[in-house]
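One chain, chain A, links the two complexes that follow: it is found with chain B in the first and with chain C in the second.
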Partner chain A sequence: MKRRKNLAIAALCLAAVCVHLLTLLTGTQFYLTQATMAAYYGLVIIGLGALMGYAGQISIGHAGFFAIGGYLAASLTTRNLAVFQETWPLRGLDALNMLKTGQDLSGDLLLTVSPWAACGIAVTTAALIALVIGIPVLKLKGHYLAMATLGFGTIIYRILLASPYFGEADGISEVPGFTLLPAMGTLGPIVVSGDAGLRVVNYYLAWGVLIVGTLLLLNLIGSRVGRALRSLHSSEEAAEAAGIDTSRFKLQVFVLSAVYAAIAGVLLTHFNGGIGPSEASVMKSVRYVALVAVGGMTNLWGTLLMGVGLTFLSLRGVFGTYDDAVFGMILIFVMLFAPEGILSLRLKLFFQKIFLGARS
Partner chain B sequence: MNGSGDGLRSELEQVPFFEEAMLELQSVHKRFGGLHAVNDVSFKVAPGSIKAVIGPNGAGKTTLFNLISGNLPITSGTIYFQGSEIQGKKPHQIAHLGMARTFQNIKLFHGLSALECVMVGRHVQSRAGFFAGMFSLPSTWNEERAIRERSMELLELMQIAEFAEVEATSLAFGQQRAVEMARALAAEPRLLLLDEPAAGLNIYETAEVARLICRIRDMGITVLLVEHDMSLVMDISDEIVVLSFGQKLAEDIPFNIQKNAEVIKIYLGEDDAITA
Partner chain C sequence: MSLDLFFQYLFAGITYGSIYAIVAIGFNIIYNATGIINFAQGEFVMLGGMISISLLQFMPLPLAIAGAVVITMGIGALIEILFIRWLESPSVLRLIIITIGISILLRELALHVWGESIRSLPYFYGNEITTFSLGSVHLSPQVMWVITACAVMVGGLNVFFKGTPIGREMRACAANRTAAMLCGINTRNMVTLSFMLSAGIGALAGCVMSPITYTQYDSGASLAIKGFTVAILGGLGNSMAAVAAGILLGILEAFSVSVVPLAFQDAISIAILLLILFVKPHGLFGSSEAARLKDF
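The block that comes next holds the complex of A and B.
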């Protein structure tokens, strides 16, 4: 069991390297940009997969958590805070060397938060909001939970769209790169940014984050808490009788999935150099849910592969202007013909026949 | 009322009480709107005994179980478990105090193997938390192995070890029942509530269940069961409580219950031709 997990993770690492080499050989390195973005979206999707597939709690508001992460990172690293210079939060950040000073076009002081601090604030805020929203909302079940999370997503979307601080319909642009590690010796710096020269570094960084995220979730699912989550999925009553604090575990996994979404939001915003309100839209949330369903609710690998694969195609513009329509169609077909996910389809039998001979 | 965190302490402080009764109900009431489902029921369950609750359909037996295990809030009354009050506590808190239960309509977990279902039952006996699990900390490895081994032993005790890796919900009815029993035992409870453990079983399987329940009692676990099957109840129970329309009709040893005129009346009807 454990060995199989490690093997699969190793295969995923290998696949990431192979994709890179393939683009090198075919001279299509520009594909790496979308592969990087797809990996970050993949992080949102596997986090949601843990919440929906394993703990059985639906959320149609995860684009909201993604946007909280992305927008806070973007605004804190771009908006001038010079007027607040003497307030205690900024003094505190300054003492921790977490502020960045510069000059704006007219030569005045430009004071912004450094990306590391902004990332910390953004992810913590998303986690806290998830906690506060989750406590009342997770008491609901099924359709009611779906409606409540949908409401949450809509509120976030509308706030972002209405607030001048968050750039209203334009969103926030010119977000600086996020220097994770400064240059050391012969090694270049590791910066999350869309700079063409950093494309390969960013590709590996994104996939590294995704693979680590996957590994942590796989660990969780196989653990005592993971069993508790899977058990409360089918019978909260029986899980409670076994001593499982169902509301607490539901809340924990809800916050975890929100943190995954927020981290993805922060990193993708720095990579893209900006974020717009469409990232918070309900269509995005629905798409994440659809991708979890396509991958197979209780199949993290299916969710990962389908999520990243379809997002990549969508980002490459394969579905053209019919993008949302295609995702809607996929959702309908999956629900009709493969409710346990695409990977559960004949493929498994097919591979069994190839590798083990026709036994069944 | 005890807080959630001091359950263990209050349990230790009140050890003398629990010598008296493992479980004690004092005038417990439960109303659903106008329906008085459980009406002024009081009884005690002695440690190490097997006590049965019987009664016709709709007598309130399962409701009573749900009140004891915390699945339903009680309207009024007091329930003592090992000397401490448990009414108002959540089911998982009561489970942590040492009470486990099975369900009349089996509640196993979809997508989990039989072994994993039993491993879920070990929850109260283990402690690995969210982050320990996520990072697969070395401290969890031994615990995880112990959980697996102990669960496997219980499947062997139930004679279903060969189905350990089979998805629990796809097993035969009797085997599912065994998995549920193993899951309850995995918690190493002091008190085990069995809700109709013989429902849907044939006479051979029922006899098997009877032997098993006695064996559980011999392991030092107090058993409270709800059952329809009279042969099972009369054979194994130390004491029987009879419920009718939510009220306690009688409480006695099986021999006396069998001769109790009122009990015979509610089971066989009021026709003079029969009682005469």
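The block that comes next holds the complex of A and C.
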């Protein structure tokens, strides 16, 4: 079991390298940009996959957590805080060397939070909100849970759309790059940004983050916690009877998946150099749910492959103006014909069943 | 706040509230028959408005509305037959995702057929600036159309469920599906019928509200959330309570405009939804005894 997992992770790393080499050989390196973005979205999707597949809780509000991460990182690193220079939160940040000073266009002092601190604040906030929302929401089941999370996502969307601080309908643009590591010796700096010269670095960075995220989740699933979670999915009453603190486990996974979404939001916002309110829309949340469903709820690898693959195609614009319609179709057909996910289909058996069914 | 303004807000609240109540009753009809929350309920309202606007080019207004209701009922039946009828004991999660998928498909279909433009039916009587006075309150005649149509629908449904054989069969199916089947009721047809009925009243509501609220391809989603809020507020499955809850939410929303910016109006009704879900998930008028037996 453990060996198989390591092999699969190694295969994933190898695949990432192969894709890079392939684009080098065919001179199509521009694909790497979308591959990078797809990897970040993949992080949201596997996080949600853990929640839906293993804890059995649906969330139609995960775009909200993604947006909390992205928007906080974007606003903290771009909005000028010079007027608040003397207030205690900023002094505290300054003492920790977490502020960045510069000059704006007219030469005045531009005071912003450094990306590392902003990232920390964004992810912590998302986790706290998930915790506060999760305690009452996860008591609900079925339709009620779906509607409550949908409501949460819509509130975040409305707040972003109505607040001048978050740029209303325009969103926030000109977000600076996120320097993870400064240049050391012969090695160049590692910066999360959309700069064409840093495309390859960013590609590997995104896939690195995704692979680490997958590895962590796989370990979680294989552990005692994971077994508890799976028992939750099949029967909550039975799990409770076996002495599992179901509400605590559900909450933990909910917060974990929110953190995954927020991290993806922060990194993708720095990579794209901006974020708009459409990232928080209900349609995005529904899309994440669709991708988890396609991959098979209890199949992390399926979720990962289908999620990254379909997101990549969608980002390349393969589906044109039918983009949302395609995801709607996928949702319906997967749920009708293959509720365990596309990869679970035994195609031969499936056709046999259809033909036999037609004959009888 | 002056007394005139108070009544002005009150009537605005009742108008919107009766629309929410109709959407909520649409939820309830399907929920009673199947135990499904149909996430595509708002799209029926949007389709009703859109189809009647298109039909208006070829026929007079009453016929266009009747045509839109019939076509939307057909769409409702088709959806049930294609996507739900043949599933064998599907899980709730599966049904939620299927109806969400259906709502996306209907919305995208509307986008490709009618485009992104905002449309509306003409006012049934007079035009935008026609008003009549009720004491010192000035109202558009369309407000009366909306309130009357909703009242007629609620009354009609009441008669249908209590007085007609088919209505009684549907109630039997809602009360206990297996028992209804044993009595010789074709429960599958009843489910199709419930989809048709809820699509029909949704479409009619979409027609009468179109002159006031306008119709756009994506106007269904927020209506669905509000309709669901009302359905929960009244207690899921209880249509009479939904009317009271709908008008309550409409009035709350109308008065909230005087306190918070319009942009946050949607957020308020959703906040109410969340609050109700956390505190009293069986609704304001539902009994907690009965709720304990249901699957929340």
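The working rule: the second predicted complex is superposed on the first by the 346 of 360 C-alpha atoms of A that agree within 3 Å, B and C clash if a C-alpha of one lies under 4 Å from a C-alpha of the other, contacts with A are read in each partner's own complex, and residues count from 1 in each chain.
The working rule: a residue touches a chain if its C-beta (ideal position, glycine included) is under 8 Å from a C-beta of that chain, and two chains touch if they have at least 3 such contacts.
Bear in mind the structure is a predicted one, so any value in this text is a computation, not a measurement.
In the three-chain model built by superposing on chain A, chain B fits alongside chain C with no clash. By the touch criterion stated above, A:T246 is placed in contact with chain B alone, chain C being left untouched. In the superposition on chain A, contact of A:T298 is made with chain B only, not with chain C. Of the two partner chains placed around the shared chain by superposition, chain C is the only one that A:M283 touches, whereas chain B remains out of contact.
Of the two partner chains placed around the shared chain by superposition, neither chain B nor chain C is touched by A:I121. Touch counts on chain A: comparing chain C and chain B, the chain ahead is C. When the two complexes are overlaid on their common chain A, residue A:I58 makes contact with chain C while staying clear of chain B. In the superposed model, A:E237 lies in contact with chain B only, and not with chain C. After overlaying the two complexes on the shared chain, residue contacts for A:L216 are found with chain B alone; chain C is out of touch.
In the overlay built on the shared chain, the residue A:V225 is in contact with chain B alone; chain C does not reach it. Of the two partner chains placed by the overlay, only chain C lies in contact with A:P339; chain B stays clear of it.
After superposing both complexes on chain A, the closest C-alpha pair between chain B and chain C lies 7 Å apart. In the superposition on chain A, no residue of chain A contacts both chain B and chain C. Residue ranges of chain C in contact with chain A, taken from their complex: 37, 39, 83, 87, 90-94, 96-98, 100-105, 107-109, 112, 221-222, 225, 228, 232, 261, 263-264, 266-267, 270-271, 273-274, 277-278, 281, 295-296. The residues of chain B lying in touch with chain A in their complex are 69-71, 90-92, 95-96, 100-101, 103, 107-112, 116-117, 119-124, 126, 128-130, 132-136, 140, 143-144, 147, 183-184, 187.
Put simply, chain A touches chain C in their complex at residues 56, 58, 60, 136-137, 139-144, 146-148, 150-152, 154-155, 158-159, 161-162, 282-283, 286, 289-290, 293, 321-322, 324-325, 327-332, 335-336, 339. Across the complex, chain A meets chain B through its residues 216-217, 219-220, 222-228, 230-231, 233-235, 237-246, 252, 256, 298.
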